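Got a structure here, written out as structure tokens. Questions coming.
Here the chain labels run A, B, C, D, E and F in written order, and each chain numbers its own residues starting at 1.
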Amino acid sequence: MTGPIVVINPNSNQAVTDGLDRALASFRLTGGPAIECVTLTEGPFGIESQLHSDQVVLPLVDLIARRSDAAAFIIACYSDPGIDACRSVSPVPVFGIQESGLLTALSRADRIGIVAIAEASEKRHRLYMRRMGVSSRIAGERALNMTVDETARGTGTFTRLQEVGRALISDGAEALVLGCAGMAVHRAPLEQVLGIPVIDPTQAAVSMAMGTVLANQI
Amino acid sequence: MTGPIVVINPNSNQAVTDGLDRALASFRLTGGPAIECVTLTEGPFGIESQLHSDQVVLPLVDLIARRSDAAAFIIACYSDPGIDACRSVSPVPVFGIQESGLLTALSRADRIGIVAIAEASEKRHRLYMRRMGVSSRIAGERALNMTVDETARGTGTFTRLQEVGRALISDGAEALVLGCAGMAVHRAPLEQVLGIPVIDPTQAAVSMAMGTVLANQI
Amino acid sequence: MTGPIVVINPNSNQAVTDGLDRALASFRLTGGPAIECVTLTEGPFGIESQLHSDQVVLPLVDLIARRSDAAAFIIACYSDPGIDACRSVSPVPVFGIQESGLLTALSRADRIGIVAIAEASEKRHRLYMRRMGVSSRIAGERALNMTVDETARGTGTFTRLQEVGRALISDGAEALVLGCAGMAVHRAPLEQVLGIPVIDPTQAAVSMAMGTVLANQI
Amino acid sequence: MTGPIVVINPNSNQAVTDGLDRALASFRLTGGPAIECVTLTEGPFGIESQLHSDQVVLPLVDLIARRSDAAAFIIACYSDPGIDACRSVSPVPVFGIQESGLLTALSRADRIGIVAIAEASEKRHRLYMRRMGVSSRIAGERALNMTVDETARGTGTFTRLQEVGRALISDGAEALVLGCAGMAVHRAPLEQVLGIPVIDPTQAAVSMAMGTVLANQI
Amino acid sequence: MTGPIVVINPNSNQAVTDGLDRALASFRLTGGPAIECVTLTEGPFGIESQLHSDQVVLPLVDLIARRSDAAAFIIACYSDPGIDACRSVSPVPVFGIQESGLLTALSRADRIGIVAIAEASEKRHRLYMRRMGVSSRIAGERALNMTVDETARGTGTFTRLQEVGRALISDGAEALVLGCAGMAVHRAPLEQVLGIPVIDPTQAAVSMAMGTVLANQI
Amino acid sequence: MTGPIVVINPNSNQAVTDGLDRALASFRLTGGPAIECVTLTEGPFGIESQLHSDQVVLPLVDLIARRSDAAAFIIACYSDPGIDACRSVSPVPVFGIQESGLLTALSRADRIGIVAIAEASEKRHRLYMRRMGVSSRIAGERALNMTVDETARGTGTFTRLQEVGRALISDGAEALVLGCAGMAVHRAPLEQVLGIPVIDPTQAAVSMAMGTVLANQI
């Protein structure tokens, strides 16, 4: 029997992990892989800087070593922290949600807009997308300029998502990626309001991981 | 209740459709979307030229119009024939297996090799990949130089796949895409022998389509 | 003796064909190739969508087969419909006016602006230019937002062309391509008013076709 | 009445100018623009180095100033020496044969091979093609490794052209550009033998210049 | 003993050469290479056009031939005039200040803004940067729209530098290059006011030249 | 008075630090910045994997915090470990030797070859160069396939360097970067033998750092 898809929230905010869990509820199917959301207890409360991102690399590597039962791992932070290190040690596929979210968006539209939480991460994302070699498909990235925590509970989040989404559409975006692990609850309503595909990156990564697992069962 | 993922074999060879069906068996999960493989009866027996590819566009568009129950469509020919036309008329997502296969491979490795059936399609694929904006990630494409029909039953197919796969690895490939709708049966053994990820593009497209459907059920 | 350059208007609007004919009058030189403008009677009245573009592919292929006397073919619709299919069957060169118009513009200036008829075609053109590998030379594309029919007779067309042309210049364009087969009559006046080269794509394609024919007569 | 297309041979070898003249014979049509081939007497006997290329810039600018009757200029040396300077002073279009040859080849095939005279110019051409933004379409460049003078009369030239052409085809070239002003006589036979389009860059530039002139006569 | 780094001001304005000299004062270190600033007396008073740029090529080549004692040359005009010709004849490294300035800026930030003197040079710089293959790192270029002479003494220069610098920052620039040989005096104050790295291209080129000389002394 | 340039050897092998020190001897000039080579005692004995590279990030950040006297930092490992984290916390410029080495090589030649120590790092470097946006200038990377320790003392190192250097030249390289912090001793002899520029990346980074320091003293 195949092991679970282990979705790692690299920050130590259990509320974020719980949100991930709810966002993946419909992906748990009878006969399909289990999907387990875990919190990296060594992580900071939120990953909001380059340093936060670097601090979780070795704990992530340790967690991966401990979970030898996993069929696949997902690093559920939009900076894809530790993706290279985790891949270098893991015997099973490791998916980063930025990478998976963008690649999935590229299957839905030509030019992609990214909704970031904070402007500070825009440069980190840009370097990562250039490294991915997909920059010619990116219409732009714009930030909500809220903290992860605010977006998680703020009532103004959806209003702000619409504003930023519309700005990205006027930049040329034909699909959006939510650049954060914790906004899945807004995905469907935002897609409805804006009329273009909206991708939750964790759901995108889990889809890809499920594909890997299921392909091995043929 | 959500409709089925309709996987369209755009050639009229029912054996290919049956092969697709078997390749997707493990993707049919209780509670998940139905996956229905259909044959485009108006298609040629195999799609082996640019003209074949163009001949199926309008029949595909018609089929899509008839299947208003579908939750997503998959065009299961590696040339992604009619992808633009189908997307322009379909109210639900349409996935091409070349696009999905490549994007999925990009989530598994940096540089990708493509195993084509015949050399004649190499240029068509190259233009498509340049249009996708992912050329910097492509290590190369090499052809089996067999007909679709030969690959479907030929006992020599697996031997040839290994040869071509090894050549692509020496070109720099770190993951392979099987550039054909009918080679899923060889995916796992080839991955085993070569030691790098091997992607069946129809499975990749179905994973992405499942992700779309399941995300709508949250 | 060499055959004619056959300029195919892929829509069934004879007025457009007649306009092409007038736009090419000065290209008919004694001793040079004949230039024959023909209407694809099977085509829609105007090509204004992806589907229109796909509908003419097989009729174009048939027309090419019938005209075995041609020295070269020109597909005179800015979407270059059926260009791959036509090339795959034609024994003589086939030119698309989008491709020829852009390449000719690249010989006149560094950054090119495209005047489209309708916004809806902008994405189709963008994908085609990315496939051509010339995106780094494109300053932008802007639409008149008129129908083909309106541009053909509208008195406001020239005013609108100037507005859009000036907007493209402020985007960085140093030469313009008229993104339509039916605006040749405005080429010279627009060039005069704007002070930068303006390319009619059908004339550009005919020049290239003439070069092919004449080079064979050395 | 329109003035002539002035084709400038920037080296002082009259035999090369005479060859240009013969290569353009069929482009002289009744009612079309005159085509006049002139020798830059201040030029070196052959342009075979960066320094040679730079030495002709100011004499070219002077020649352009003297020929205010011209309808267009063509700089008939594959290095396109002085193209920027000439364009900055000329009131009429200036075509470089490298640029025109490559752009014309791009209308005939996806990937282009260049046959250079000498390896020493390969780097100069590469920088120019990167500046043009068309590098993704270049299959390769290979040199005959002969002097301009040798190619002009050498009986071994055609044999060597075939060898180099075949090597470029195996590099992926689907059309060739003759990277020299003096090989037009070999164009048609080489195209015949190799089975892919072969472009003489001076003919390509003259076609484009004719297009400019004729478009102004509508 | 090693020879001097010869910094060539290709215009004949001695005040510019004197400014270069002052801008390099701190780079003259005991035991390090001498740094000698020389005026190209054959040059125009300022290099403000393509033609000016081409006029200095052969005089630069001659100067390089005369200075066989040099350990390295720097062409201190932001157009990098004659860089290819000078490199083709010089036995020692030749640095262009545009190239060195941009490469140095790329070591300080991801996206670079260029402050040009005049809009007219923007296209020349753009072509050069595309040829360098670094366009994906350029945020933009904006001009002071002053003459070289004005910038050299104008009291309004610093105010204008701040305006243009702020505009480039809003374009995305994270470091600036002063696109002129004569603005070093403003470098430090501008960096102070804007809060991002500001590169003087002549200082950048001299640093690189010093590195070459010193590496040869190990 | 300005502080020292602090060159950090991120591995704990003091012999490597001592080698860096010797390689920079001639860069220590009276009146210029001090150059101090320090060992990251928390580092592994050699950085030969992705994990090694990630392990030194936080210790590097700590070291930077402790050395508030520094005028600039250099991370002297060719993987540029921790470059983003260090830059995010350092008040002074931080140079990575891969980045500096490549940028410096780009000022010396058009296409660059990289001599890696081990094949395993080739992918890490490729991703980094793609992120830098300079891939179009890279001729190739080839590995010595020796350990850092072997290269440090092996008598066969120079022979192997010549072999690999010649292979890179046949790949098109016109300058080489030594892809390791510990091969400076071979730089000048290799340049002599191969006849093209050879860049030691630590020397390149120190040159750039010196430029930063000296520019602040004008």
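Assume a contact is a pair of C-beta atoms (placed from the backbone, for glycine too) under 8 Å apart; a residue touches a chain by one contact, two chains touch by 3 or more.
Here's who's who by UniProt: A, B, C, D, E, F = Asp/Glu racemase.
Since this is a predicted model, take the numbers as computed values, not measurements.
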### Task
Kindly list the shared contact partners of chain C and chain E, in label order.
A, D
### Task
With centres defined as the mean of C-alpha atoms, identify the chain lying farthest from chain F.
C
### Summary
Between A-E and D-E, more contacting C-beta pairs sit at D-E
### Query
What is the chain whose Cα centroid lies farthest from the Cα centroid of chain A?
D
#### Entry: Intercentroid distance (Cα basis), chain C paired with chain A, Å
44
### Task
Report the inter-chain centroid distance for chain E and chain F in whole angstrom, where each centroid is the mean of the CA atoms.
26
### Message
Quick check on chain D: which residues sit in contact with 2+ other chains?
### Response
127, 130, 133, 135-136
### Task
Pick one for the touching-chains graph, please: line, ring, star, complete, other.
other
#### Entry: Which chain pairs touch, all of them
A-B, A-C, A-E, A-F, B-C, B-D, B-F, C-D, C-E, D-E, D-F, E-F
### Query
Where on chain C is chain A touching in the complex?
123, 126-127, 130, 135
### Summary
Contacts from chain D onto chain B in the complex sit at residues 110, 136, 174
### Query
Mind pulling up the chain F residues that touch chain A in the complex?
49-51, 54-55, 57-58, 61, 82, 84-85, 87-89, 124, 127-128, 130-131, 133
### Task
Provide the residue numbers of chain D that touch chain C in the complex, in ascending order.
22-23, 25-27, 29-32, 93, 95, 99-100, 103-104, 106-108, 132-137, 184-185, 187-188, 197, 200, 203-204, 206-208, 210-212, 214-218
